[in-house]
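Below are two complexes that have chain A in common, paired first with chain B and then with chain C.
Let's look at the complex of A and B:
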């Protein structure tokens, strides 16, 4: 193993990746953790929006349906980079206008919070459509049986529709997660120090662009591979009770 | 023995008056321009088995599904165990909570079983008692075990529905309906989706329930069985009650030409 760690000593080829300065390894790992924090936070937010959006689109009143149609259409039509740039400046502005109207002082929103809100809001539009399709795939008789025994609409959703639609939703949800981990890289354009921005800085300082972008690429790959395993496990659990079909997972 | 045509209130074996379990009066249902039910009525007292027969499209399933509001009636009156269901002018229920309450008294059995596929048989049986009726879980499990023994599925408690035969699934679905201790059972063509060799095991379970004096509405194509278990038979034609009466009269001496024709086509 010593030869492996030796590669990361100063003066060696990979010395620039050493964990402590002048190596950039530590900074890259910090960037990675920021990437994961934003991705997980916005995924949770996007899923919550998606559940509400999907049920709203299917069972909501005409106004709710129209508003959601505008939301999903607009968000999915506009390039994410533009949305991030727009919302990144818009969200703090709206919050501060709101605070000023209440007579409160302006605040500086932490970039990690704004990034999470923006990506979550964008993800919610895609999630709405994935979950809407999955809810429609639940056989009608399953819902009807729940209604026939006196469950409230909330109980039907919670006890039957949501657990059953998960099997149909998870492949699409896994796709969205993988896209999201990579979309966090778009936050580099607004200078947020996630993994890609940190790699840019490291490359710019040391001129070893190839090294740092390769390292970042490998880190993204590791995220994908590990989360693929998690989604495969979740899918197996969601498919309990269904005769197995070979394959599955991502 | 029963029912809509009886002059005085029916009595049980001890000579006590039996109360009404289900009363339907002048029920109408339209789908768009299509009038599926044109004013049908029925009364089932405690312990009655009422069979509803009729051709495809006669409205028999719709009638059953209107009773627990899986279909919204267009107009009419529905009384379950003495409780009048409040309906708006357009027939829709005035109170969602009342409908939920009414549904908890009616054990529905579907043609296509509709066991919840993500739950084991045991989980299916305790789902409504535990989460809707708030029965303690241990008590619900104990009751479910007895019901499974009764329908001959004690060894299937931990099996998912997809791994059972249609007959087994339907017996489990009947046990699920019994688990809510319903005032009445509603059977919507319970054997129509089954392979012929599996029909018998399901009918045996239903026959047992009839014998123990359960109140049941049974929409069925099994004429021999309807004659055997029911106290009262209703023949629906084109959304109306064409003829009704005791089974021996209806099957033995049908008055209506349409009923005679119907019985011939089903090979009676």
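Let's look at the complex of A and C:
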């Protein structure tokens, strides 16, 4: 094992990846944690938007339905990079205008918060479509039976629709999660120091671009492999009691 | 035209339509569009549009060609072909395109000048530029994603069709050309439309390696004029228009191909 750690000492082949400052390993791991924080935060936000959007699209009034259709279509038709840039300026602008109109001073929103909000808003559009499809896949008889028992709409959603649609939604949700972890890299364009941006900085300083981009790529692959496993487990749990279908995963 | 107008003739839709028109009118009248004629006249916008278009078309065509082989390798190849193909698809699909792009441009691009024989060869004129790296990265990315799709489509063609072809005594390449590939591509068509839109949406990434595409043009306008929102809004509208065009084109192609599958 010692020879393995020896590789990461300064002056050895992978010395640039050492955890302490002459090496950039620590910085890369910080970048990885930023990537994960943003991804998890915006995934939660996107799922909340998605649940609301899916129910709104299926059971909402005509205006709600049309507005949601515009939201999902527009978000999915414009490149994420442009949406991120547009919202990255727009969100702090709106917040500050709101604060100024209340007579309060301007604030600087931390980039990690803006990044999470923006990615979550974008993810919400995709999540709406995935969850809408999954809700439609729940057999209608189940919902009718629940209504016949006198359950309120919230109870039907909580007891019948949501648990059952999870099995249908999870493959799509897993894909969205994988796309999201990769979309966090787009925040590099606005200078946020997540994994890809950090490895560019490391490469720029040391001229060892190949090494750092490969290291970052391996970290991304580890994320996707691990989360693929987790989603496969979750799907198996959500499908318990249902006839088996071959599950995904990377 | 009638099919377009009829669903709009509902009170709430008319209201939304009026709101939409009001917003567009507000955007045209109150936002600052004074820069637009300048950049239309000097051809920068058209040039950006052209770059985005040829990047999309070339990477689409070359990527799809590679994807067919990647799919075949995984669906029918021996393990020593299938495994590398699967690995390639996994790596492409598991890492961000931005990372791949920067890996090629900054990483590979900084290696080439170290070799004198590369600098003296004809390829150096291209390797010095940024766009070949962008095109290469986009092609590889499309090939990786579509390779996986093609694998599924090739495996989805019913076994009986291939067995019947073999019983007719067709050689393997003829089976591929006459039976297997046409049916697989027919299966892929609905997915392919969506994937093409995704590919269009990845093209602005090449602006990060200084290729002058539509997105880079809008960044340049912003730098020249210090206007933040208007160029981005124009960009969003142009990409939406482009997406609509792709969706319509694929709907047309799908209608040309008989949907019934054996």
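In this section, the second predicted complex is superposed on the first by the 244 of 250 C-alpha atoms of A that agree within 3 Å, B and C clash if a C-alpha of one lies under 4 Å from a C-alpha of the other, contacts with A are read in each partner's own complex, and residues count from 1 in each chain.
The rule we apply is simple: a residue touches a chain if its C-beta (ideal position, glycine included) is under 8 Å from a C-beta of that chain, and two chains touch if they have at least 3 such contacts.
These numbers were taken from a predicted model, which means no experiment stands behind them.
Novice: Evaluate whether chain B and chain C can sit on chain A together after superposition, giving fit or clash.
Specialist: fit
Novice: Who does A:141 touch here: chain B (first), chain C (second), both, or neither?
Specialist: First partner only.
Novice: If you stack the two complexes on chain A, which partner ends up touching A:159: first (chain B), second (chain C), both, or neither?
Specialist: first
Novice: A:151 contacts which: chain B (first), chain C (second), both, neither?
Specialist: first
Novice: Name the chain, either chain B or chain C, that contacts more residues of chain A.
Specialist: C
Novice: Who does A:103 touch here: chain B (first), chain C (second), both, or neither?
Specialist: A:103 contacts neither chain B nor chain C.
Novice: According to the stated criteria, A:200 is in contact with first (chain B), second (chain C), both, or neither; which is it?
Specialist: The second partner, chain C, only.
Novice: Check whether A:66 is in contact with chain B, with chain C, with both or with neither, and answer first, second, both or neither.
Specialist: A:66: touches chain C, not chain B.
Novice: Note down the smallest distance between any C-alpha of chain B and any C-alpha of chain C in the overlay, whole angstrom.
Specialist: Minimum C-alpha separation, chain B to chain C, in the superposed model is 19 Å.
Novice: Show me the residue ranges of chain B that touch chain A in the complex, using the header's touch definition.
Specialist: For chain B paired with chain A, touching residues are 68, 70, 96, 99-104, 106, 108, 110, 112-120, 127-128, 131-132, 160-163, 180.
Novice: Provide the residue numbers of chain A that touch chain C in the complex, in ascending order.
Specialist: 62-63, 66-67, 74, 76-83, 85-86, 89-90, 178, 182-186, 188-189, 196, 199-200, 203-204, 207, 209-210, 213-214, 216-217, 220-221, 224-225, 250
Novice: Quick check: in the complex, which residue numbers of chain A touch chain B?
Specialist: 139, 141-142, 144-153, 155, 159-160, 163-164, 167, 238, 240-243
Novice: What part of chain C is in contact with chain A in the complex they form?
Specialist: 10, 12-13, 15-16, 90-91, 93-100, 102-103, 106-108, 110-111, 197, 200-205, 208, 215, 228-229, 232-233, 235-236, 239-240, 243-244
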